[in-house]
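As written, the chain order gives the labels A, B, C and D, with residue 1 at the start of each chain.
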Amino acid sequence: MEADDGIDLRVELAGISLKNPFLVCSGTFGNGREMSELVDLNALGGLMTKAVTLEPCPGNPPPRLWETPSGMLNSIGLENKGLERFLAEDLPWLSRFDVPVWVNVAGFSAREYVEWAEAVSRSGLAAAVELNISCPNVEKGGAFFSRRPREAAELVARVREVVDIPLFVKLPPLPGAMRETALAVAEAGADGLSLINTLPAMAVDVERCRPRLGNVTGGLSGPAIHPVAVHAVWEASGAVDLPVIGMGGIWSCSDAVEMLMAGAAAVAVGTLNLVDPRAVPRLAEELAGFMRWKGYRRVPDMVGLLRRRGWG
Amino acid sequence: MEADDGIDLRVELAGISLKNPFLVCSGTFGNGREMSELVDLNALGGLMTKAVTLEPCPGNPPPRLWETPSGMLNSIGLENKGLERFLAEDLPWLSRFDVPVWVNVAGFSAREYVEWAEAVSRSGLAAAVELNISCPNVEKGGAFFSRRPREAAELVARVREVVDIPLFVKLPPLPGAMRETALAVAEAGADGLSLINTLPAMAVDVERCRPRLGNVTGGLSGPAIHPVAVHAVWEASGAVDLPVIGMGGIWSCSDAVEMLMAGAAAVAVGTLNLVDPRAVPRLAEELAGFMRWKGYRRVPDMVGLLRRRGWG
Amino acid sequence: MPPLAFRATVLERRDYGCASEVIFRVGDGFSPLPGQFVHILCGGGGRIIRRPFSVFRHEGGIASVLVREVGGGTAWLRRRRRGDELDILGPLGRGFDLTGGGEHVLLAGGIGVAPLAYLGRRLTERGGKVTLLWGMEKGTEYGSLPESLGEEFDLHIATADGSRGKEGTVLELLSPEMTPGTHLFYACGPRSMLVALTERLSTAGLPSLQVSVEERMACGLGACRGCTVPAVEHPGGYLAACRDGPVFRAEELDWKRMMESI
Amino acid sequence: MPPLAFRATVLERRDYGCASEVIFRVGDGFSPLPGQFVHILCGGGGRIIRRPFSVFRHEGGIASVLVREVGGGTAWLRRRRRGDELDILGPLGRGFDLTGGGEHVLLAGGIGVAPLAYLGRRLTERGGKVTLLWGMEKGTEYGSLPESLGEEFDLHIATADGSRGKEGTVLELLSPEMTPGTHLFYACGPRSMLVALTERLSTAGLPSLQVSVEERMACGLGACRGCTVPAVEHPGGYLAACRDGPVFRAEELDWKRMMESI
């Protein structure tokens, strides 16, 4: 997508070429099918699938959504049709489009993660694996791994052995432990990081004295968490030399540029897709306008610019 | 504050009697003086002082504030006049009012924390010490302690030895590690927990490519973080049998009741004080109305009610 | 038809007590089925998610929603004035199946009357015999809307406080001759009302009942799986209210689990 | 006087190009000094912090602010209409010291004209000789406000694009006879303008200069320490713009550090 005026939106992430730096976050775009009625999937920089588990998973009891100030709680709980149908139905369908697919892999045990990631890699239809070790919505859905740098690194190393495609690791914000975890995961062989997953959160219906979510707790996303996400990107990108995909509350072009300047090599739009399925093409266009105005020609010109300008 | 209709707002926290369950958070009420022009300090359930350090501290370079969606970033950085002047000027002034004072103690080393806490306890003018081991705004301002349960516990144990008044420990949300840390701190002798401090966060001026805060990073507070705070209270109160003071984005009476039902024994209003210095008396009145309407007679009737009703 | 994403200009607002009809212009491509909904951005600020509203009226380039104020989003929407713009996604979801013959009994609880009024109009156009039963808290709640709907339909009202029509819920208005054998039932209202109705009709009667359910929604497109309701077909599994519904045949839903989240 | 927390009814709005004067009713207890500000809640939603605005006008139960639209809060405020209510805290801060004699030179950059116009009125009332120098981007920026202020003051204008008055910044309007010995200076505008002014007056001239600074604020009361500016007195230390200021004697501030955060 190189425009006449020399603005080049393309980025390369761990060897994967993207038309523009905007991916769509796991779980906020289905597996593309529903959204394709409203948006051309070919216009996406990349697509991260909904979490898929080895076995089909019914997900959490409703209600699963609650809106909070500038944010949203969800407790979907990994509802999905399981690996088999995903590989047979969704992934082939997605591969018809000219868009790289990150398959979001979740598991209830290390063995599941490994088995599953291997199958995805073998399918030949995925551009990358996104290892979801930070889902706040299932007891053992990986949150366990992300809070312990050592365990996280061990899992990453095992998965690394069985996949032939780039391996991204998705982390939650870890106040104070971001650098340490990023380093451990990088050393274990990750090719990139996805930051951030939702924050563990909760809301209560005080009139009825019951949780707003059927699963009691859930994950907070949306503009409310954007400053936390920018900070996580800043910390991780300062600690390791891996491409970071920044996500969390991106609602505008300048939200995305914040992430890039803080060190993200690309960004992903999440909750905003649920409000505006066409957000990515719109933001990509706005980004080109911003670059034209400010005189940036290529996306990497902006990546990590804060540090290059001497901040931090 | 027992009204005619039998509504009783009083609570007891680690042996300290409060007129109502609303305290004011550290750093959001100065040391009471400025606010006293607009609000009667005697109407507060309790007052948590601004962080005080052993030596005077100029704080971080401006700008120190930035507004984010439903939230606020600050990087005040522990600006204060130091222990000596605090003990000579502020604490005696505060003790003229009929309101229990939690002195927020911050340090740059374990030794400082201990020395300082001891002096506060000896002054005889403080109701409790609030050990701030979670300030995101200073390199070594305690964030180091809060991210390591063991180190946190050691510090708490040392401080516990030298103070004769109740000791509250203030923690940040620790996704996945809340229970563990709460347990460690409780075993080390804490009398209560303050949850939560601000979240590490950051914002960027993309037009000028520079951080919005002079200190680059800061702490996120306000309604945006409320669901994260409720979750932290829920986790900690489920893990330990200590009174928890819930804080984080309380903006209405029902925000406060969420905290109580999730397990907080009392709550503290923070950023809202900066918008409405009279928030506490107003919310206390609204709480009495809520209790009247729903048939709760005493605050403890609501505390932890979610779990008592079988949730979680 | 696939959903559209469009901006619509408000033409008029009619206030009916606790609710307002917000009338806006739509393009030719917009042709909603009864029971389908539109997903509307209701102001900015701290509200980030769209709000779903059933189509209440549609004819000749004009459509409307009937909005009952329950929170910030609905307060914002019902205060729109002529000339204001709305950001809309829709029509979305699966509407009512209109193909069944016989007599049609429409049961509305409160604001649930919105999709049923639109359904009633379409059924009447097709020559069906329509009875609209409507339960509300008190007789004055919806201003002059009962009069207005009374001119279009064979309308019967029940009120919780007995201030108008029968005292009790809308179920009190079901007469003995309204049986699953001869009548088709369409219902929209609070979860508790739908559960009570399924109990009243009993298992044998479920095939004659279609219900429109209200779940909190985010995407409205079936993508996020946030709006699920318990399904019979996949034991322990769920259907998406926004895409598989909001209208379901009563047999599709697991009413035991439906009851749990009242 | 201690600050008040009150609700004020909007009486009128006057539009002046990029800015609007929002006029509201105040009680008897409200008596702001020139340079003091009011802290206004500007809409709900995602905006949680008040916005500070200098008092632009105050007489007989009526006050106003002059609002330049730069973001969501100011956009909200300048669209208020007659009858709307404002939630206000104020007057806050330390105003200008009016006790000095001599000739008064008021230097405004852009919207910085708001507190200076109010100051000018008070100085004139006290019999002072006031010259108002005002720099702006282009001549049409503030609509008819220059005409309006020109009727009240000896007004001189500079524009960056030269479309009105002198080309350049407000500093171009300083004439050689305006010297610290004979004149008192009062300034409000962008940080860069204030710095340039202190350089122009040089250290010896600083005692004759009072500046009103703009810092982002939260409490406006001196409690949060969020709005600090570098102080001379405590090396490395800070003063609170909201309480110790927003008006400072130029000597009180550390201009070297002030420059760093341009």
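Following the convention adopted for this analysis, a residue touches a chain if its C-beta (ideal position, glycine included) is under 8 Å from a C-beta of that chain, and two chains touch if they have at least 3 such contacts.
Source: prediction; values computed, not measured.
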Report summary line: Shared touching partners of subunit B and subunit C are A, D
Query - Chain whose mean Cα position lies farthest from subunit D - result: C
Query - Gap in Å, rounded to a whole number, between the CA centres of subunit D and subunit B - result: 36
Report task. Provide the C-alpha centroid distance between subunit A and subunit B, rounded to the nearest whole angstrom. Result -> 33
Report summary line: Taking each chain's centre as the mean of its CA atoms, subunit A sits from subunit D at a distance in Å of 46
Requested in this report: Express in whole angstrom the distance between the two chain centres, defined as the mean CA positions of subunit C and subunit D.
Outcome: 54
Requested in this report: Would you give the residues of subunit A that are in contact with at least 2 other chains, written as numbers and ranges?
Outcome: 69-71, 222-223, 251
**Report entry** Junction residues of subunit C, two or more chains touched
**Finding:** 45-47
Query raised in the report: Looking at which chains touch, is this a line, ring, star, complete or other?
Result: complete
Report summary line: Residue set of subunit A touching subunit B in the complex reads 68-71, 73, 136, 143-144, 146-147, 172-177, 199-204, 206-207, 209-211, 216-217, 220, 222-228, 230-231, 234, 249, 251, 254, 257-258, 261-262, 290, 294, 305-306, 309, 311-312
Query - Residues on subunit A engaged by subunit C in the complex (per definition of touch) - result: 27-30, 34-35, 37-38, 50, 58-59, 61-67, 69-72, 74, 76, 79, 214, 222-223, 251, 271, 273-278
**Report entry** Of all residues in subunit A, those that touch subunit D in their complex
**Finding:** 69-70, 223
Query raised in the report: Okay, in this complex, where on subunit C does subunit B touch?
Result: 46
Query raised in the report: For the complex, which residues does subunit C have touching subunit D?
Result: 43-47
